[in-house]
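Okay, so here's the structure we're looking at.
For reference, chains read A, B, C and D in written order, and residue numbers begin at 1 within each chain.
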Amino acid sequence: MTRHSSTMPAMHAPKHKRPNLLGGLARSREATLFAVLIALVAATAAVKPEFLNLQNLRDVLLNVSIIGLLTAGMTVVMLMRHIDLSVASVVGVSAYAVGSLFVMFPQMPVIVAMLAGIGIGLAIGAVNGVLITFGRVPSLVATLSTLYIVRGADYAWVHGGQINATSLPDAFALIATGSLFGVPNLVLIALVVLIALSVYLKQYRGGREHYAIGSNPEAARLAGIRVERRVMIGFLLSGAIAGLAGVLWLARFGTVDASTAKGIELQVVAAAVVGSVAITGGVGTVTGATLGALVLGVINIALVVLRVSPFWQQAIQGALIVAAITLDTLLARSVAKRMMRKRDHG
Amino acid sequence: MTDNKPPRLELRHASKSFGRVRALGDGSLQLWPGEVHALLGENGAGKSTLVKILAGVHQPDSGELLVEGIARRFANPAEARDAGLAVIYQEPTLFADLSIAENIYMGRQPRDGLRRIRYDAMNREVDALLSTLGVNLRAERLVRGLSIADQQVVEIAKALSLNANVLIMDEPTAALSLPEVERLFAIVRALRERDVAILFITHRLDEVFALTQRMTIMRDGVKVFDALTAEMTIDAIVSKMVGRDLDTFYPKADVARGEVRLSVRGLTREGVFKNVSFDVHAGEIVALAGLVGAGRSEVARAIFGIDPVDAGEVKIAGKPLALGKPATAVRAGLALVPEDRRAQGLALELSIARNASLTVLGRLVKHGLISAKSESTLAADWGKRLRLKASDLDAPVGTLSGGNQQKVVLGKWLATNPKVLIIDEPTRGIDVGAKAEVYRTLADLVREGMAVLMISSELPEVLGMADRVLVMHEGRISADIARADANEERVMSAALGASPQALGRAA
Amino acid sequence: AELKSGLKIAFVPKQINNPYEVIADDGGMAAIKEMKGQGKVVGPSDAGASSQVSYINTLITQKQDAVVIAANDANAVVPYLKKAMSQGIKVVTFDSDTAPEGRQIFVNQADSESIGRGQIQLLSKLVGGEGEFAILSATPNATNQNTWIKWMQEELKKPEYAKLKLVKIAYGNDDDQKSFVETQGLLQAYPNLKGIVAPTSVGIAAAARYIQSSPAKGKVAVTGLGTPNQMRAFVKNGTVKAFQLWDPGQLGYLAAFAAANLASGTITGKEGESFDAGKLGKRTVGKSGEVILGPPTTFDSANIDSFNF
Amino acid sequence: MAKPDSALSTTKRRHLQWEAMLVIVLAVSLIGGRVLSPMFLSGANLSNMLADFTEIALIALPMTLIIIAAEIDLSVASVLGASSALMGVLWHMGLPMPLVIAIVLVAGTLAGLLNGLVIVRFNLPSLAVTIGTLALFRGLAYVLLGDQAIADFPASYTAFGIETIAATFLPMPFILVILGAIVFTVLLQATPFGRSLYAIGANPVAAQFSGIDVARTKLRLFMLSGAMAALAGVVYTLRFTSARGDNGEGFELSVIAAVLFGGVSIFGGRGSMIGVLLSLLIIGVLRNALTLADVSSETLTIVTGALLLSSVLIPNLVARWRATREKRLMAQTL
C-alpha cells in the first residue's frame, strides 16, 4: 500500500462537499463578533447620528489601535496556554524611555525611536521567556512578577517625572496626527503589524506551532516541535509588540509618566477573551482578537456618546464582557453540536 | 534478515531512570527490515520507555542506539522522525483544536515559494490517505470530538504519512474493535511487504501470532528473551513475561442469580443511543459488547449521571435512581470504572492514596475530620488485593505504568463496596498477569453477590467472563445472548447489524 | 518665636509619583532645609483611600515631630491621624483636607469657594457667557475636586450665568489616557459643547491635547487648573486661552512652615494665630484651622513665560 | 508493595520543605526588621503590621481554595468595593448596623453565586468570567455611591476596626483572620469538601467520574469567596471609617501574589493553607520593616515581584540542580 496516492478516489459514499468545518467555525465566531460590532455602531448611530462622523471613527480607530496591538500580542501567548500580564508595565516603561530619549536627542529619527521601544519590549519579553521556559515558572506567576518589578523600576526611575508633548519632535507627533488616504498613520502601523501577525499565525509552520502547543503541549513535544523555543518566540513577540505600543502611546497621548498604561493588562486580556481567544489555549485568531478590542473600544466610546452616567459605564461594560464571553461559548458549542449531529446522520 | 546487513534499528543495553525509579535497566532490541516484531512484557516492564528512547523523547542514561549499523543519538522526536522513524504512542498525542490534516502534518506542512502552508495540497493528501484507510473522516475536521478509535486512526494515518522505514506502535489496538484491528493488520502487512521494519506492542497475545514474526520479551526493565514467533506458544510467552505459570485464565464461577440489581428501561439520548433496556442481577456478569462507537460507554455514562438523557429510567436494587448526578448514583450503590483511565479515572499528579480515597472521602471522616491514617490503610488494603506494583503509595499515580493505574481505578471503586459495578473496558492496556487478576477479582465480586455490567471490545473476555452478552449496534441493543449460546460469530454479526456496509465506518 | 532646629517632618503625598505632588513636596523639602530640619517624603504609589494609613502608622512608630499630608480620602486617615496627634505628633494637611478633627492645620491653596467660583467666572469670560459646558474631573471621590465642583454649581445659580449650562461631569480618574478618551466622548455626546473645565492638572492637559488635534480647536474652550510648564504649548498655539493655578511648590513650602511652627509650639492651630512662613512672610490661621496660600494665578499667553513649574 | 505508613513521601516532603523555607524566611525577616529599626518589635508596630493585611488575608483564605481547585477569582477586590459602597448606602437609609452587615454579607455571597453560576453553568474559564465581573462589580459600587463617601458610621463599630484586643497588641479585626485561618485550614485539609478540591484541581473530569459534584463544589467556592470579600469590605469600611466605590482597588493581584507565594500551584491540585498563612505573614513583615526603614514604595513593589518570582523559581532551580547532581552520582556509581 502506498501512502496518500492522490490519484486514489475517495471511497465513501457522501459525495456532496461538506462546508469547511474548521474554517466555518472560525469564520462564524468572527462573523458573530463582526455582527455585534455593526449592531453596536448602528444602535449608537441610531440614537446619535453624529456618532458616525469621520472624526469619531478616526478617534475610535486610534483608541483601539494600541489596545488592539497588545491584544494581538497577547493572542500569540494565550494560544500557547500562557498569559502575559507584564504588557502594561512594558508599555509604560517603553513610552517613558523613548520619551526620555527624545528629551536627550531631540533630533532622533522616528524609526530609531520605534526600534528603541521594540528593543525594550524584546528585553523584557526575553526575561519572561527565560523565566517560563528555562525557569519553568508558570507564565501567570512569571509575568505577574515582572509586572510588579518593571513597574516598580519604572516608578523608581521616573519618580514624579513627566514627558510632555512639547519635548517630542513634530515628525514623531505625525505618527498620531498624520494620515495616509485619510487613515491615521498610527492605525496603518497597527494594521501592518496585525496583518503580519495574522499571516504568521495562519500561514506559517511556526505560527501553527503556537496552536499545537496550546492544544496539547505533550503532543507538541512528541511531534518534534521545539516547545521552549516557540514559547520564547511568543513572549518575545508579545514583548516587542508591547514595546512598540509604548512608542505609539507616547505619540498618541504625548504625556507619559510613571503610571502610564497602568492596569491595562486586564483590558487586553478581556479584549482577547471577548475576541474568542481561548484562555485554555489552542483557539483564537488575530482577527477575532482585534474585533474583540474593537467591540470593547466602541462600547467604551458609545457609552460616553450616549450620555450614560459615568457611574454606570463600568458596570455596563463588565456586564457586556460577561455576556459576550457567554454568548460566544454558547455559540461555539451549538456549532460543535450541529457538527456532531451531522456526523451521526452522515 | 540477511546476515551481512546490519539490523535497521538496534538498541543495546539501554537504561533509563526517572528520579529513583528505574524504568529501564537493560533494554535491547534488534529490528530488521520487513518484519513485524512484537515487544511483550507485563505492565511496567519498560516497553513504552524503550519506545520513547527510540523515538528521541527520552535520552537513555546509558546504552547505544544504532540505525542501519551507525550509532545515533536523538536529541528530540524531530531528529528521530527525520531519521525515518514513525511512532504511534500508547496515549493519543493529538491537537484537539486543530484539523486532522494539521495533526498529521504538524511541523512538515507542504509549503509554497513564500514558505506559506499550502492547505489545499495538505488537505487533498490527507483526504486521500484517510480514504485508503477506509474511514469516513475528512481532513478539515477538528480532532476535538473524535472517538478514541477515530483518534487512533488519525495516529495511524500520521505514522503512515511519514513514509517511514521504521514504524513503532505502542498498543495501537487497545482502543480498537475487531474490524478496525483487521484493517490495521492489513495495512501493517502491506507495509511489511515494502520492507518497513515494524515494532508492535500489545497485550493481546492472539494478535502476536496473527501478525508478528519475531518477539522480544521484557521483564522489570530488562530484556529476558527473544525468539521467532512461530517457535512460541501462548503459555511459553506468558511464563517468560510473568516469570511463572498462570492458572486458569477465565475463572468464571457459576453463581446463582439473585435479585435484579440494575434495571434500565427505555433509556434514550438523542443521536447517541435509543430505547436501551436491560437488567443485571446480583451474582451476574453481563457483558455489553459491540463495535467501538456503538454507544456502550455513553449508556454507562448516562446511567452514572455524567451525561444527560432524553428519556428512560434506571433502578438500583429496585429503587428508582435520579439521573444526572454522579454523587447520587454513588450513594445509591453504583460504581463506574471509566474507559479512559488517564482522563476520567485518575488525577495523575495526586498520590496513589489520594486517588484511591477519592470515592470514599465521606467515609474516612472520624469526629468530623478526615483521618489520614484510614486513608493510607484503605489504599494499602486494596493495593495488596489487586497486587498493585508501586514503590510508594504517596507517589503521584501518574508515575505508575498503565496497568497499575488501571488497578488503582478499580480499587478506588471497589472501596465503595458497590451494589452494581459498571466496568468499561476493564483490561484495556493491561498485561496478562494483571488481566488474570482483574478477572479473578470480578469472579470474586460476583461470588460475593455483586452485579457487574462489563463493557468490552475484547471478544475472548466477553465470551470467557459473561453470563449474558448484550450486543449494541448503532445505539440500540441488537441482541441478548445467553452464555451457553454465545460464540464469536453470533456476537459479531449482532454487533455489525444487518447491513454489511456498517463495516466501512469506524465512528 | 524661634523654630526648633532638627525637626523631623514627613510629607505624605496622595501618590508619590504624581508630578504635581512632587513639585509640592519639593517645596516642602526646601522649606525644611531652610529651617535645618530633617524632611522626607513617603507615601503610596496608588491613590487608594487606605494606602496612606500604613505610612502614617510607620511615621507614628518613627516618632516624627510633624506629618504633612495630602489626604486621598477625607475620612479614612482620620482615626490614624488622631492617634498621631494623641502621641504629640503635629498634623498638617495640605492640598486635600481631611475632616477637621483629623489635623491641626489645613494649608489650602486658595479658599475652595473662590477657586470654584473663579473657575466659572473664567469660563464664562472665555465662552462669552453662554453655551453648554462640561467638567472633566479626577476620580469620583477626589475630595478637593468635589468641593470645587460644589462651589462651581453654587456660582452657576447666579442669574448672570443663566445661559451657561453644565451638561455633564465626567471623570478621567487622573489618568491621562482615560481623560483623553473622556474628552473625545464629551465632544461626541454634546456637539454644541462650548467649554470644558478640568480642575485637575492631568485632566486639563489631556483635554487640551485632544482638542488641539481635533476640528473642535478654537470652538471649544478648555480651562481649569494646570501647571504652566505642562500647558505652555497649548497656550502658545491657542488651544487654551487661560487657566489657573497656584504655585504648588509654595503650597508645600507653606505647609512645611505651618508644621514646623506647630511642632515648635509657636502656634497651636487656633483661629487668629499667626506665624512666620519664611519667604512667604507672615500668615494667619483662619477659620477651622485653615491657612490660605493666596488666590490662584490666572495664566495666559501674556504672562505664562514668567513661570517655571 | 509499599509500606502504608512509610515515612514521608517525596511529594509531602517537598511541601514541608517549602513551608520550612517560609518559616526560615519569616524568621530572617523578623530579625532583619529588628536590625533595621529598634521600633520594629514594639507592640504598636506589630499591631499596625497585623492590621495592615487583614483584608488581604480574609480574601486570601478562600482564594487559596479556589486556586487549588484550578480556578481563580479576579473579582474579589471589586466585591470588596461594592460591599463597602452598599454598606454606606444601607447605613444612610437608616438600617441598623447589624442588619446592614448581614445584608452586605448576603449580597457578597450573591455576587459570588453569580460568578459561580456563569462559570459552572456555561462551563467557562473563571479567569475570563471574573475579569468581566471585576469591571461589573466595581461599576456597581460606583452606581451605588457615585462620587460620595460615607463616613458617619457609629463609633461603637468603627472602634472594632481600629482598637486592639484588651491589653494585647492584636488588632480587633485580627480575630476574624485567626478564626478564618482555623476554619479554612480545617476545611481544606481535613474535610471531604477540602479534599475534593485537590482532585478537582488536578483533574476535574476524574473528580466528576469519582462522584464528586464538581459543579456544586465550585459554586460553593465562589460563594465563599464572595462572602469573604464582603466581610473584608465590612472590615475595610470600619477600619477606615469610609465607604467608597473605589475601596480596595487592585487588591486582587496582591491576594493572588500572596497565595502563589505560599506555594499554591496556579495550575491547581497543590498547596497548603499553612504555606499561604506564612506567606501573608512574611509579606506583612517585609513591607512593614522596609517601610519603617524608609524604603520607598516603588522598591516595595519590586520586592513583591521578586518574592513572588523567587517562590517558584528557586525551588525549580534547586530541583533541576538536584536532578543533574543525582544523575552525575548515578553515572559515577555505574
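Heads up, the rule we're going with is that contacts are C-beta pairs under 8 Å (C-beta built on N, C-alpha and C of every residue); 3 or more make two chains touch, one makes a residue touch a chain.
Remember, predicted model here, so these are calculated numbers, not experimental data.
Any chain bridging subunit B and subunit D, meaning touching each of them, is among A; the list is complete. Averaging Cα atoms per chain gives one point for each, and the point farthest from that of subunit D is the centre of B.
Taking each chain's centre as the average of its CA atoms, subunit A and subunit D sit 30 Å apart. Here the CA centre of subunit A is 42 Å from the CA centre of subunit B.
Taking each chain's centre as the mean of its C-alpha atoms, subunit B lies 73 Å from subunit C.
Averaged C-alpha coordinates give centres for subunit C and subunit D that are 36 Å from one another. Residues of subunit D in contact with two or more other chains: 142, 146, 245, 250, 296-298, 301.
Shared interface positions of subunit A, defined as residues touching 2 or more other chains, are 155, 159, 278, 310-311. The set of subunit B residues touching two or more other chains is empty.
Under the contact rule stated at the top, the pairs of chains that touch are A-B, A-C, A-D, B-D, C-D. For subunit C in complex with subunit A, the touching residues are 16-19, 21-23, 25, 45, 140, 168-171, 175-177, 180-182, 184-186, 188-191, 205-206, 209, 213-215, 229-230, 232-233.
Residues 16-17, 40, 42-46, 48-50, 53-55, 57-58, 60-63, 73-79, 99, 139-141, 146, 171 of subunit C are the ones touching subunit D in the complex. By the touch criterion stated above, subunit B contacts subunit D in their complex at residues 17, 19, 61-62, 304, 306, 325-327, 329-331, 336, 338, 343-351, 354-355, 357-359, 361-362, 364-365, 368-370, 373, 376-377, 379-380, 383-384, 387-396, 412. Those residues of subunit B that touch subunit A in the complex are listed here as 55, 57, 76-79, 81, 87, 89, 93-99, 102, 106-109, 111, 115-117, 124-129, 131-132, 134, 136, 138, 140-142, 144-145, 160-161, 163, 187, 190-191, 194, 271-272, 504, 507.
Those residues of subunit A that touch subunit D in the complex are listed here as 131, 135-138, 140-142, 144-149, 151-153, 155-156, 159, 263, 266, 269-270, 273, 278-280, 310-319, 321-322, 325-326, 329-330.
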